[in-house]
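Consider the two complexes below, in which chain A is the common component and chain B and chain C are the respective partners.
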Partner chain A sequence: MSEFLQHLINMLVLGGTYALLGIGLTLIFGIMNVVNFTHGVLYTFGAYIMFIVVQQLGLNFFLALPVAVVAGWLLGAVIELTLLRPLRGSDIDTTMLVMIGAWIAMQSATLWIWGGVAKSVATPFPEAPLVLGPVSVSWLRLFVLAAAALLIVVTYLLINRTKLGCAMRATFQDQDTASLMGVNVDLIYTSTFAIGSSLAAAAGALLGPVYVIFPQMGDLAAVKAFAIVILGGLGNITGAVIGGFILALAEELGAGYISSGYRDAMGFLIIIAVLIFKPTGLFARSERVG
Partner chain B sequence: MRAAITMLALAAFASVPLWLRDPYLLNALITTGIFIIAAMSLNLLLGFTGQLSLGHIAFFGIGAYVSALTSLGFDIGLPGGFRLVHEPWPPIAGLALAILVAGLCGYFVGLLSFRVRGAYFVIVTISFAEVVRLVALNWVELTQGPLALTNIPSIAIGLPSLGELTLRTKLQNYYLLLAVAVVAYLLIARLVHSHFGRAMRGLMENETLAVSVGIDVTKTLTLAAVISAAIAGAAGSLYAHYIRIIDPEVFAFINTVTMVIMVISGGKGSLAGPVVGGLIFGLLPVVLRPIMAPEAQWIAYGGVLIVILFVLPRGIVPSLAQRFARRKRQAATVAPVAFSERAKEPA
Partner chain C sequence: MLEVHDIVCGYGGVTALRGISLQVQAGQLVALIGANGAGKSTTLRAISGLVPPRSGQMFFDGKEITRARPPRVLASGIAHCPEGRRVFPHMTVEENLDMGAYLRGDSAEVAADRDRIYQEFPRLAERRRQAAGTLSGGEQQMLAIGRALMSRPRLIMFDEPSLGLAPNIVERTFAIIRRIRDAGTTVLLVEQNAFAALEMCDHAYLLENGRIVLAGTGAALIENEHVRKAYLGG
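Presenting the complex of A and B:
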C-alpha cells in the first residue's frame, strides 16, 4: 500500500511537468495545425538554460526558471518567424518535415556545444526528503510540482481571461472568421508558438535538475507530449492537464508493477490505444481535424 | 527516352565495382543502396498514397531481426514452463520470413491508416516503431537486448550445378543488393502504373471523389502498406546479413528521418526520386566526413532538409523533369507534346 502511495506522489510531480509540456503542444498543434517536432528541443533548451544560469554563471536557482521561460519564448518566436511564417498555407507534411529538420539541427548543435556527457544542476534544497507517514518526497520535487501548478494556472488564465487568449481561441475555432473580426492571425500564430515553446522550456528547466541534462533528453519528452495531446484532445487545455497526469500514472504503475524497461513504452501504447478506440481524445470537445 | 535513362543508370550501377576498388567507398555504397531500397518502399506509401509513415524503420528493423533470428536460431521460455526452440535455418529462408513478417506488420499498420489519417497516422507509426524498439531492447532472452545479435551468417545462394555460393565479399554483396533493388524498383513501377496505382493516386488527390467512383479505400491503402513494409523488411534482412551484427539502435528514429529525406529531396511520387535523393544523402556523410565534425554534419543534415523543402518542395527529379518538359515545349510548337509530358509527370 505504501508503495502504491509513493507511486501516486511521484505521479503528481511528474504529471505537473507533463501537463506543461502537453499544454504547450496542444496550443501549437490545435491552433496552428503544426506537428511541432521542435517541442522536445525546447524542453532540452530549457534544461540547458537552467544549467547555464546555475552552474556556469553561478546565479540563483530561482532566477533560472523565469530566464528559461523567457528564453524559450524568444527561441519559439524566432522559429515561428523564420521557419513557419514563410510556409503558411503549405500542407501539414511540409511544415512537419521542416520542424524535423530544425529539431535535428538544434539537437546536434546542443551536442556540439555542450557535448554528450550528462550534466546535473545543484539545487538549494536540503538533501533529506520530506517524510509524510509511509511516503517520502524530496523538497526539489515539491518545488517542481508547485512551480508547474503555478504555470498551469497562469496559462489557463491567459487563455480564458485575457484578450489575447480570446483571440487565440477564436483562431482555433475558425481562422477566417477570426481574421474578419479583426484578429491579427499572424501575431496570434507567433504568440501561440512562443507561449507553447516557453512552457516546454519551463518543463525542461523544472525536470532537468530532478534528473540529468543531456542533448537527447527532449526526444522522449516530445513523444510524451504528443501522447498527452492525443489523450486530452486537440487544443483542449484541461484535457492536456488531465492527460499529463494519466500518462504519469501509467508510467509510474508500468515501471513499478510491470518492468522499468517498459516505462517509456506507456506513452506510445496510450497513443496507439486512444487512436484506435477513441480517436477524438478522451475529453473530446471539437471535431478531429486530420 | 525514359527507358534509355533507366538502362544507362542500371549499366552505370552495374559497372561500379569494376572501377571502384576502395573498400570504404564500396561499403558506403552498399549501405546506401540498402537504405535506397527502404526509401523506395517508403515512397510507395508517401508518394503514391500520401500517407507519411514515420515508423518505417520498424519494418526494416523487424525484417533485420526476423532474418537474423531465423538464421541464428533461438531458445526462449514461454509462460507455463514451455520452451520455444528454433534451430538455425539458412539465411535465404530468413530473407523470405523477413519479407513475410514485415508484410504482416504492414497489414496491421495499413488497417490502422484507415482509421486515422494525416498527423495522427504519423504519430501512430512513430509510436509503433518506438514500441518495437523497446521490445527489442528489453526482450533480452530473444534479442540479446543492447548486447546485439552477433555473427549473423552471410546470405548463401544455392546455384544449380555449382553448389552453394556464400556471399561474403563486398563485391558479391553489391551485386546481390543491386539485384534486389532492381526487383523492388520494377515491382513498384509495375504497381504504380497498374489499375491499383491509379486508385492509390486517386485516393491521394481526392478521397471523396475516389470513393464515389468505387475505389475501395481500405483495400488499396492496406495493400500499399503491405507491399511497402515487405520491401522494407527485405532491405532490413539484407542489412542484417551484410553488417552481420544488429542491435536495437537499428530502430532509431533518425533512420526513418534519413529515408524521408531521401524520398523528399529526390521527389516523392517519382520512381527515380528515392534513388537520386538516396545517392545524395547516403554519400553526403562520406563527403562531409573529412571536413566536418560529426555533430556539425548532423546540423548540416537538418539544414539541408529545411533548405530543400523551401527551395525544391517537389524534389529534385520532378523539378528537373518539369524544366526539361518546359524546354521541350519551347522547342516544339505543337502543344499536345507538352500536354502528354505533363500528364506523365507524377503529381
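Presenting the complex of A and C:
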C-alpha cells in the first residue's frame, strides 16, 4: 500500500510538468493546426536556460524559472515569425517538414554550444526528503509540482478570463469569424505559439534540475507531449491536463509493477491504444475549453 | 456611403466576381439577390476584407478600404453578419456578444449595449451563460445579429439571415432588420428569399455569375420580367 501511495505522489509531481508540456502542444495544434516538432527542443532550451542562469551566471534558482519562461516565449515568437508566418496557408505537410528541420537544426545548435556531456543544476533545497508517514518526496519535486500547478492555473485564467484568451478561443473555433470581430489573427498565432513554447520551456526548466540536462532530452519529452495531446483530444486543454496526469500514472505503475524499462514505453503504448480504441481522444469535443 | 468599383476576385483558380460595382447610400436598406453560387457571399467577403480583391476599388465614407484587413474594415464602421450565423459554438452567449465588441475600449458602454440586446432578445438573456452551440437556429441567428450590433456599426451586412429558419422566425428576423434600418443603421442584405428582400429594400442589385445584371428600386425589380421568371416563380 505504501508503495502505491509513493507512486501516486510521484505521479502528481510528474503529471504537473507533463500537463504543461501537453497544454503547450495542444494549444498550438488546436489554434494554428501546426504539428509542432520544435516542442521538445523548447523543453531542452528551458532546461539549458536554468543551467545558464544558475550554474554559469550564478544567479538565484527561483529567478531562473521566470527567465526560462520568458526566454521560451521569445524563442517561440521568433520561430513563429520567421518560419510559420511565411508558410501561412501552405499545406500541413510543408509546415511539418519545416518544423522537423527546425527541430534538427536547433538540437544540433544545442549540442554545438553546450556539448554532449550531461549537465546538472544545483538547487537550494535540502537533500533530505520530506517524509510523511510511509511516503517521502524531495523538496525539489514538491517545488516542481507547486510551480507547475501555478503555471497551469495562470494559463487556464489567461485563456478563460482575459480578452486575449477569448480571442484565442474564438480564433480556434472559427478563424474567419474571429477576424470579422476585429481579431488580428496573425497576432493571435504569434501569441499562441509563444505561450505554448514558454510552457514547454517551463516544463524543461522544472524537470531539468530533477534529472540531468543534455541536448536530446527533449526528444522523449516531445513523444510524451504527443501522447498527452492524443489522449486528451487535439486542442483540448482540460484534456491535456488530465492526459498529463494519466501518462504520469501509467509511467509510475509501469515502472513500479512491470519493470523500470517500461517507464518510457508507456507514452508509445498510450498513443497506440488511443488511436486504436478512441481516436478522438478520451474527452468529448464539447468539454474542451479552448 | 459604400462605393464598390469593378471588383474582381476569386478563390485560387476560380473567379467568383467578374467586376462588381455597387453603391449603398446612408440610411438605406440595399438588397443583393441572386442564385446559388452567383457570388453574393463573396461580394460581402470582399468588402469586409476576408477575400482580397484582385482588382477594383472600394470606398467607405470616401476612405479607401480596398485591401484593408477585416479588423480595419470593422473599425471603419462595417459589420458583417456571416452566412450560416457562425456563432462561436463553445463560447457562452455573453462571450459571443463581447466578441462583437472586441475592438471597443469603452467597457461601461459595451455593458449598456449588451443589456439593450438582452432586452431586445430576452431568450439570449436567459441563456447568457450557456454555450452558443446549444441554442436553437433562431436563437443563434438573434445572437449573430446582436453580436454584429455590438460593434456599433454604421453599415451592417447580413448574409442570408433567413437560411434554415422556421417561417415565423424568418418573419421575425426580417422585422428586426427593418427595425435596424429604421433606427438609422444602413443595411446591405444578401437574400435567397428574393421576394421578401425586394419588398423590404430601398434599392436592389441582381447578381448572376459574378456580375451585376440589374439594379433598381425593389418595386422595379419585382415588376421586372426576368426577375419574375427566374427568381419569383413566375
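Throughout what follows, the second predicted complex is superposed on the first by the 285 of 290 C-alpha atoms of A that agree within 3 Å, B and C clash if a C-alpha of one lies under 4 Å from a C-alpha of the other, contacts with A are read in each partner's own complex, and residues count from 1 in each chain.
Note that in this section a contact is a pair of C-beta atoms (placed from the backbone, for glycine too) under 8 Å apart; a residue touches a chain by one contact, two chains touch by 3 or more.
None of these values were measured; they are calculated from a predicted model.
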item: Touching partner for A:179 - first (chain B), second (chain C), both, neither; value: second
item: Which superposed partner A:111 touches (first chain B, second chain C, both, neither); value: first
item: Which of chain B and chain C A:219 touches, first, second, both or neither; value: first
item: Superposition-derived comparison: chain B or chain C, residues of chain A touched; value: B
item: Which of chain B and chain C A:97 touches, first, second, both or neither; value: first
item: Overlapping contact positions on chain A, where the chain C interface meets the chain B interface; value: 288-289
item: Residue ranges of chain A touching chain C (in the complex, touch as defined); value: 163, 166-167, 169-170, 173-174, 176-184, 286, 288-289
item: For the chain B and chain A complex, residues of the former touching the latter; value: 52, 112, 115-120, 122-124, 126-128, 130-131, 134-135, 137-138, 253-254, 257, 260, 264, 293, 295-299, 301-306, 309-310, 313
item: Parts of chain C lying in touch with chain A, wherever the complex brings them together; value: 48-50, 69-71, 74-75, 79-80, 82, 86, 88-91, 95, 98-100, 102-103, 131, 133, 147, 151
item: In the complex with chain B, residue positions of chain A that touch it; value: 29, 33, 35, 83, 86-87, 90, 92-94, 96-98, 100-109, 111-112, 219, 223, 226-227, 230, 259, 261-262, 264-265, 267-269, 271-272, 275-276, 279, 288-290
